[in-house]
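The following pair of complexes shares a single chain, chain A, combined with chain B in the former and chain C in the latter.
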Partner chain A sequence: MGMRKVAVVGAGMTKFVRRAQETGKELSYEATKMALDYCDLTLNDVDCVVHGTAPDTFDGVHMKGEYLSDGSGGWRKPYTRCYVGGGTGVFTPIHGWYHVASGMFDICLVVCEEKMSSCQPHPQGAFLTIFDHTTERPLGPNLLWIFAMEMNRYMHTYGLKKEDIALVSVKNKRNAANHPCSLLGDADITLEDVLNSEVLAWPVQRLDVSPVTDGAVALVLAAEHVARRISDKPVWIEGVGWNLDTAYWTNRDLCYPRYVENAARMAYDMAGITEPRKQIHIAEPYDPFDYKELHHLEGLQLFDRGKAPEATALGITQRDGDLPVCPSGGLLGVGNPIAAAGLMKVAELFWQLREEAGARQVPGQPKRGVAQAWGDLMQVGTVIVMGV
Partner chain B sequence: MTQKIEKFPGVYLRESDFREGRVIFNEWKPNAQYAWDAGVAIGRYLAELKEGRLIGVHCRGCRRTVIPPRNFCEWCFRPMDDWVTLPDTGTVNTFSLCYVTWDMQYLDVPEISAVIDIDGTMPPVGIMHMLGDVDPDAVRIGMRVQAVWKPAEEREGSILDIKYFRPMTNDK
Partner chain C sequence: MSENVAIVGIGYTSFRPLTPELSYKELMYEAAVKAYEDAGLDPRRDVDSFVTVAEDLIEGTSIFDEYVPDQLGGLLKPNVTIPGEAIHGLATAYMQIASGIVDVVALEAHSKASNVLTLPYITAYAMDPVLNRPLGANPAFIAGMEMTRYLHVSGATREQCALVVAKNKRNALYNPAAAYGAAIEAEDVLNAEMIAYPLTQQDISPHADGAIVLVLAAADVAESLTDVPIWIRGIGWCNDSPTLETRAWGRAIYAEEAGKRAYRMAGIRNPTEEVDFAEIDDAYSYKELQHLEALGFCRFGEAGLITAEGVTDVNGILPVNVSGGSLGVGHLLDASGLRAVAEVAMQLRGEAGARQLPDIETGLAFGWRGVPSTSGAAVVLSN
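And then the complex of A and B:
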């Protein structure tokens, strides 16, 4: 298609914490500097910068992308901020990818930062404005409502129980115990802990949902001729896809994320993947809630509809299973600083495919992985396929 | 993670750091107020609610009848053809029993939000509203419900002109 090959050649991240002393700029700088150091580049080598971050209202800063831009090395460079809700963390490297694939730039910094703790008393105050201001907001909605209702519809459609879903939370929080940046890693958590946690919005309980988090992640993307020169093992971006469904969310069947399927098929087609269940070795689907990992695995065509819970119970999605899912620990374990959380998943694929993930390393020399994020009014899917 | 990196940046602040004055921060309250125009389609929807009626729209292109109304079909990308008065009854598509407010204050009695598929829509599609007059433990997906309206003199052209939906007693 006349596009250049693009690789990830460096990655960096901060710890994910409930409330960081560092400002958003400082967090961005730390992650960006680490990513540059990783591949022995300096800011002078960088041709352009893309920055992903959630709504301005989180920080109470208008033009937040510009506010953060010095932290991500954006000054006096072609710089853009992108934002597609929760899907941002996987869309931002796609945004960076087309900067390089187009032939316009050789090296692109991709930075995602989120500082959710600034928004008081709770960042939901900002989130809430996603509901329709005339037909829905007068009801006094709480953001948990829509996820609880989607989860309930998913459970009802396939006859699932809470225990079938809570296993995801157990797996991811245990996986995160091996992640040096994790907020909620817990090697000893049990199914009972999740099932006995307080009910927030039934069927969602405290340990079914990921927490408010601060953090930043950065990647360095390079065009093929540069990547082969500066990296011993470039991780190639083989396919990208994104898709948006209707904002009339009450008019949709909530049991299946068709927009994720559309995004996945776009990415798989580009990557030449015809049998994702055989050709994908690691999956990092978006897991802000435990049921979302299952929902997304089905949308990504990795399991039949309604069958991801069974696969989870059988251990197929464990780190040493046939299809490791969220070996990082995911949002449920590492934390959920919105945009940074999605990019953390892409960084995890980078480390896993380079076999540098340490205690989290998936066995068997994985060659290809998929990362996915999701957001807005449960309507956007962003997908990236990477391989070595 | 990488094995090459020994120390990751990021300083975790705790409640005690604020209580004991170890960190400096400042605060700001925004003064942002909005007045939203209801628009053509939702304007009519609200006017009908004031009269105690639910109204949807029909597209002859895709033959859908949907609610809330819109003045163009987002799939066929052409104007909607007909306004359709719908009954105020429906079926619970999904629901939640919510025990917390948006800022995580706990509630003793749950708020029951639901998507209610409205009768007469095709394919069945819903709106979000609340369920009331029902034992939370008795709520089920598939339950038949009917709108409970405010008295006519109190209705003002708002989604809140319906107080909530409650189970239909003479059904099932």
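And then the complex of A and C:
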């Protein structure tokens, strides 16, 4: 069967904010309208809609995909929601990709929305229910604890210091100062600010973590014959990959994300990438915590195991470095409305590869980028490679 | 686009009102082992991708997809959960294969409804939180309201709806996996306890637990695995409005659109002539009639009449829900559609045992996500 080429031809996003006054439907609508306007399409041109959004418990809405369907343009159209926890934001365009690549549809709207502020007093409460109901939930764990364990393991395995890791937070929050939608951009933040911030669960401090955020992002995907007609510079989806490890995270070595490696290899194989370090010009790995960017860069085969901190210290991952990483500002800077944050990374590649990223533009006419998201119980990797 | 993708493995548990001795993981495992044995595949070696169907609030676990790979043999492989009707999951598996990125997909859906002690309250959380939820409407009340509207605009009667229940529960007597087979008459349905007028307790399908796993494969792989691949010839799905006040009541627009899309892809112009039998959603008795019309098996307003004439009986021209449907087998929440697909595939293989239909080539399965959704999906299968 022939795999059809698929391009991203439009993107839109709302501001990422701490507490949106809009409903989830309205946020979805706003991003969707922007993405359609970008490529001069209307809802009548859209053949199908795919939606990504994370736990229903955030909003206290059961069947949240159904609830958000009309705001996302899914009225009287083929519409499905896909779900891989925190990996959803990068999986949703993959879900859209096979809608088009399979030949079933020509134009697919991809929408991701998250409204975390509805969950009071804090969405960590909703996360209590992601744990195994028999073996883990009685312990009352939260995400900060388990990620603190993972971060500790990563630091211990490679002999890293907090300073090595906090540099990621500084870089991304500074990058985000140039993003018009960002929640926590800060051009003047310093390493000391991060190291002196409140300890939440050692070694995780407040500025090591991305914030609770509301927001939505949308993309328009088109089959090759449509993309070439309606876009002056389509951004092609060259590779997709996704992978899920066991739910029993306590039985794994947390120092290295094998599932991200598997997802990356799947995407690189499809894209014909044999030397990712040379053939990829921009990376948007998932960075809900600063150590995760490093962890994921290694899983994505962009640096050797344990070597991403050194590359960060050398400035290689700065916006004007050899391999710009999170030029958007990432989740640490732009914000982390879970599914929308993943799709924001894909939208960033779209703008960067079209050289429309304004003050965030990576120099040197980048030709290919990779975006990645992560989630579940430190368990899932979703990867997309795009190029012009 | 026909004959791209086929069903090559079918596995399911029996469907039971209560399964206190089994966890959802054990139900999934049983169905998966049966499906892999049926297909002659080793999931760790031969299956490229896994698709599961689940909703967090039903499972009582947020981000439920965390807990699916282990018992399916899907560790460190592509996995995704579709929070939708199981036929949306089938569409996902179909597109993954048709895109060429994978060759073999395992698709899983399950129900552990007996674990859900407060289902009407959970369903209430699916209502628009601002406009609809404050009404405090029980799901059966909303279905009753829709049934009232449907009977009014279509001219169908409560008696005709009751005939659907009697037919499906009688059919279920021949299905060893069904939980609610019974030899009852329409009168028993009409005289049962009134839940939300005009729905009696017998008009509402009771829930069951169970799991279904199907293995799908690209054409060349399918033909090397089995002599009877069951081809997915057409698949379509559609949503109408999610809020109660802005949707079509009476007509099932989502089913009309889903059916049209599936037929167009399958090259079917006249479903009454080209489809031999159907397994279509009957979560409530009137839904079978409403969906029959929406899917083009008769004109609007005629489904009650053809049911009374016996057209949809097991010996009729268009047997509908020979398995017993949700009324007879038990409603499996979002897994209901996959049970319907499994039944159509078993019939097309000629492996349906005591309820086997003679001389069939093409069947249709249709699933609806239930109150308060307007979300449905249809698939046309051929042997």
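In this text, the second predicted complex is superposed on the first by the 387 of 388 C-alpha atoms of A that agree within 3 Å, B and C clash if a C-alpha of one lies under 4 Å from a C-alpha of the other, contacts with A are read in each partner's own complex, and residues count from 1 in each chain.
Methods note: a residue touches a chain if its C-beta (ideal position, glycine included) is under 8 Å from a C-beta of that chain, and two chains touch if they have at least 3 such contacts.
If you're wondering where the values come from, they're calculated on a predicted model, not measured in any experiment.
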Have a look at where A:21 lands relative to chain B and chain C in the superposition and call it first, second, both or neither.
first
Name the contact category of A:202: first (chain B only), second (chain C only), both, or neither.
first
With both complexes superposed on chain A, which partner does A:248 reach: first (chain B), second (chain C), both or neither?
both
Looking at the overlay, what does A:61 touch: chain B (first), chain C (second), both, or neither?
second
Could you tell me if A:3 is touching chain B, chain C, both of them or neither one (first, second, both, neither)?
second
Thinking of the overlay built on chain A, is A:376 touched by chain B (first), by chain C (second), by both, or by neither?
second
Find the residues of chain A that appear in the contact set with chain B and again in the contact set with chain C.
60, 133, 246, 248
In the complex formed with chain C, which residues of chain A make contact?
1-4, 23, 54-57, 59-70, 74-85, 91, 95, 97-99, 101-104, 126-127, 129-130, 132-133, 240-248, 258-259, 262-263, 266, 270, 375-377, 379-380
Hey, which residues of chain C end up touching chain A in the complex?
1, 4, 50, 55-58, 60-63, 65-70, 74-84, 88, 91-92, 94-101, 122-123, 125-126, 128-130, 218-219, 236-243, 246, 253, 257, 261, 265, 369, 372-375
Which stretch or stretches of chain A touch chain B in the complex?
11, 13-22, 27, 30-31, 34, 38, 60, 120-122, 124-125, 128, 133-136, 138-145, 148-150, 152-153, 156, 179-181, 198-204, 214-215, 246, 248, 250-251, 254, 351, 354, 356-358, 360
Inside the complex, what are the residues of chain B that reach chain A?
1-5, 8-13, 23, 27-28, 30, 34, 36, 38-39, 42, 45-46, 66, 68, 70, 74, 93-104, 110-111, 113-115, 125-130, 141, 158-160
